[in-house]
Amino acid sequence: MNSKKTILVAGGDLRFVYTAHALAADFEVYAAGFPQQIVPFSDVRLTGAVGDGLPVCDILVLPMPVSDDGVLVHAPFAQQALSLHKLLAAVRQDGIVLGGAFGKAAAVFQDAHIRTGDYLKEEELAVLNAVPTAEGALQILLEELPHTISGCRILVLGFGRIGSRLAQMLHALGARVTVVSRDTAELARAEMAGCSAVSLSQLPECVAEFPVVCNTIPARVVDEPVLQRMAADTLVLDLASKPGGVDLEAAQEYGTRVVWALSLPGKTAPVTAGEILARTIRHMLKERGIC
Amino acid sequence: MNSKKTILVAGGDLRFVYTAHALAADFEVYAAGFPQQIVPFSDVRLTGAVGDGLPVCDILVLPMPVSDDGVLVHAPFAQQALSLHKLLAAVRQDGIVLGGAFGKAAAVFQDAHIRTGDYLKEEELAVLNAVPTAEGALQILLEELPHTISGCRILVLGFGRIGSRLAQMLHALGARVTVVSRDTAELARAEMAGCSAVSLSQLPECVAEFPVVCNTIPARVVDEPVLQRMAADTLVLDLASKPGGVDLEAAQEYGTRVVWALSLPGKTAPVTAGEILARTIRHMLKERGIC
Amino acid sequence: MNSKKTILVAGGDLRFVYTAHALAADFEVYAAGFPQQIVPFSDVRLTGAVGDGLPVCDILVLPMPVSDDGVLVHAPFAQQALSLHKLLAAVRQDGIVLGGAFGKAAAVFQDAHIRTGDYLKEEELAVLNAVPTAEGALQILLEELPHTISGCRILVLGFGRIGSRLAQMLHALGARVTVVSRDTAELARAEMAGCSAVSLSQLPECVAEFPVVCNTIPARVVDEPVLQRMAADTLVLDLASKPGGVDLEAAQEYGTRVVWALSLPGKTAPVTAGEILARTIRHMLKERGIC
Amino acid sequence: MNSKKTILVAGGDLRFVYTAHALAADFEVYAAGFPQQIVPFSDVRLTGAVGDGLPVCDILVLPMPVSDDGVLVHAPFAQQALSLHKLLAAVRQDGIVLGGAFGKAAAVFQDAHIRTGDYLKEEELAVLNAVPTAEGALQILLEELPHTISGCRILVLGFGRIGSRLAQMLHALGARVTVVSRDTAELARAEMAGCSAVSLSQLPECVAEFPVVCNTIPARVVDEPVLQRMAADTLVLDLASKPGGVDLEAAQEYGTRVVWALSLPGKTAPVTAGEILARTIRHMLKERGIC
């Protein structure tokens, strides 16, 4: 249909291929920065030669983070570098650029007076991404542990979006989950979800009883005093983004096994992660009156 | 022990008797505004003659709402009126007065330079009270419906503290729950909890399929256009506080069965409601360095 | 349609009205033994004058139990007695009579060489009826207890169809459920469902810790030694059919509060109970090649 | 303590090391058929030189299956062959031999008039093993699928011990589970657990809608007509023991991805599997009056 808006998805990991595919139900979708073999969808048109062949688009979708240097788009699968300025040239003046954490790239679009929107600031995306993140964490636990989740005493640090999803999932599988938080309301919520609750200040005292510790708090909470009191073969799974919640040096000193898992949605469930991003993009466009 | 702080619980419904009892584990507790027969605890001392016999206390706990007129405390069980000014006289100058929604009563303590704290503003209390509220709602549904919760299509309006607890509880019992909300993030959370999700703008279109509608949104969302499209024997349970979420006049016109349930915690689970309040009070005192 | 088989539902409580209504989707359905006002369905024809006006039917559905004396059908709502012999005369020679616990009534049909089938022997019915039974039990607990189910220590005796449903439901609501059974495999199942498990032989030792005891074992397991050790205000809910699992005399002596709940499906969820029976009847007819 | 009974655990996979360790809390435990490095427990004594050094024991624990040929014990970790006759010589005349599926090995003990017991016939073991089996299946699904379990349409064939555990686990994780069975009572149980239910005869008609099919029925139910109708990238996980439930030839022809997972408890959760076996052995010994 001619009246369909045009979207260009440029760069990003595998999930962006599925984002492009999911958006193709309602938009005319182009993708740049991917080799043909990982885009097996006839409804997504690959634009191979970057720069020349780029279609003019209403909406440009960029990855997370958008760019490391403010010049090139983060595009791990691209055979040729994707320059922000060439992509900028492909966007209509009344179009919009959606990305996750623009950083230095923001200026490029600001200077050109092109609207931008950061999908990482959408609560909906964060809420939905907690599911693939928690499932990715579960997979790691199932792979690493020589015993079942059922019956296992597990400590979950934090009861935000990811912590609450993970704790509830583990509880549903029969684990005996204890949630640690600074916040009395979070602790109350954890108890309502069938978990035990312990104040963060008590962490050093209680950590020795738990063979598994999953951290979701974005702060150095698994520090030396905590690591020191862990039992010998405790598994620590850190889900906090950089710089992470575990003192890795101290962990090494004590011989603690630490798995630091980043960007789980895109790695373990790229299809779902892509669909979630497409859903959020749709709502962002709707709220801004673009479609 | 002499070093225990002294608490006076004055007025309120049955839950305040259990609050007093729960606080008696750590404090010296007096209660005013209750007949002997509903205070069967040896660790709570009743102060019969109000005014004269009132003990000097470190902490005064008042009901919710504190007072209707700013003169007398809300005390449905009291045989004699409890005057705010006489109670004020019982509080040490460096003491604290805790109540729920002070309203006109605030001035009494302000003028006397006595600290106050409103427990209804504590997130913890609201979170924990969602449990007795949701169980009270469940009891009403079990009593009113001639069929099981299991397998029943139920619409829950709102997915805040009460809506989310109620929806998850009904889902766990096998109901097919659909959550209605304005907010995309709330809808995402509802889906994560196993419910279907529908935007509030779609409510009139979908309401006819549901024999049960539970409202938790504090706004007139069950209005004439919604009521008009409900099936004949739909049960509407309104958990929103005054003025309620249902257009009662229109409901009467259409012959819709509406149960408007207020203050469920205190009514259906006074013991738990009392313990929850005591827990919150403990945390409030701790945060303020009082104990 | 002329090709529809004819069913006569005769006697029984309110659930049989809903059974008749549910069967009317596929059969030509008559009902006897009910006043007009409790049969508000245009697809069920009431046969007022018993004996004369009875339609010839392919399938006769009788209540549970079928009859107390082998002469009259159990029909609490009937204004005139329903005689088994008159009903027998209404059934085609190649028809079938379905009932629950025929007892003395069996001979009537045997002598006439009419096939019978006992739906109470169908595993499916027993499995499905556990849902309304457990919900009925839940309603009683919510009504009787002054605290929430969530957080409450509850003892469930037996982990058969009803015990397992009830225990899982209470666990899902946040109760701390301990299951008691003689059978190691049942105890293993209970642990898998998130409950604690205790051997029946340990019941007297552990009962004092539980404010609520729900019995589903059809044997006198709550006997004097158990009652003696219960805490003062324990609530005992007995779901075992006659003669029940509680020594009521001893309970009275110790002042224990006992609620003995019988036939909960028909009482608390007659619509669902009726639909369940209709579903079972359909499967029985299908297995026997009748439709 | 001298009064402790002596157990010899001979042969088997890693789980038997943990069985030996778990039994060491109450027995004097020896193990044969394992190298030192996989038995890091000071409470289990390894008997290196088989035949000579074997201790006289009250209880001999053998693996599952006990033996392939009736001569040597199944002992994948053993550096020297473990002969049934030498092990027999180590058992007291009033002792007992516990194993899983004795087969040809049964005669050895019968001829010597030594009691045997087959733990694979214990319902408790089968019930408890469903947990590590279902968790192992879950791990495979999480590893194989590019999307989340949450929201995924999954078909579970069979609702016995493993099927029911798996279905409930997947449902708890947010999957939309449909259970297939021949048995109306099993289908009723599946519906009660929040799943949809479909008769086995309908399998070919419905299979195309499901990207994931998990089989637990020990019969060739995933046959050519079923495979033919599956969608292109369906994942089939077969949990049925040999000869399996999938027509592998037909699957290869249609290019269907099949994972056939056997002995999951011992592989994915050897610690838990070992503890489960020890628990069952304890109960078997208790029932036989041995301890």
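Every chain is named by a letter (A, B, C and D) in the order it is written, and numbering of its residues begins at 1.
In the analysis below, a contact is a pair of C-beta atoms (placed from the backbone, for glycine too) under 8 Å apart; a residue touches a chain by one contact, two chains touch by 3 or more.
No experiment lies behind these values; they were computed from the predicted model shown.
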| item | value |
| --- | --- |
| Steps in the shortest chain-to-chain touch route ending at subunit C and beginning at subunit A | 1 |
| Chain whose average C-alpha position is farthest from subunit A's own | C |
| Between subunit C and subunit D, centroid-to-centroid distance (C-alpha), Å | 37 |
| Subunit A, residues touching no fewer than two other chains | 131, 150-151, 174, 191-192 |
| Subunit A residues within the subunit C interface of the complex | 150-151, 174, 191-192, 194 |
| Residue ranges of subunit B in contact with subunit A within the complex | 122-124, 127-128, 130-131, 165, 184-185, 187-189, 191-192, 283 |
| Subunit D partner contacts - residues on subunit A that touch it in the complex | 131-132, 135-136, 138-139, 142-143, 145-151, 169, 172-174, 268-272, 275 |
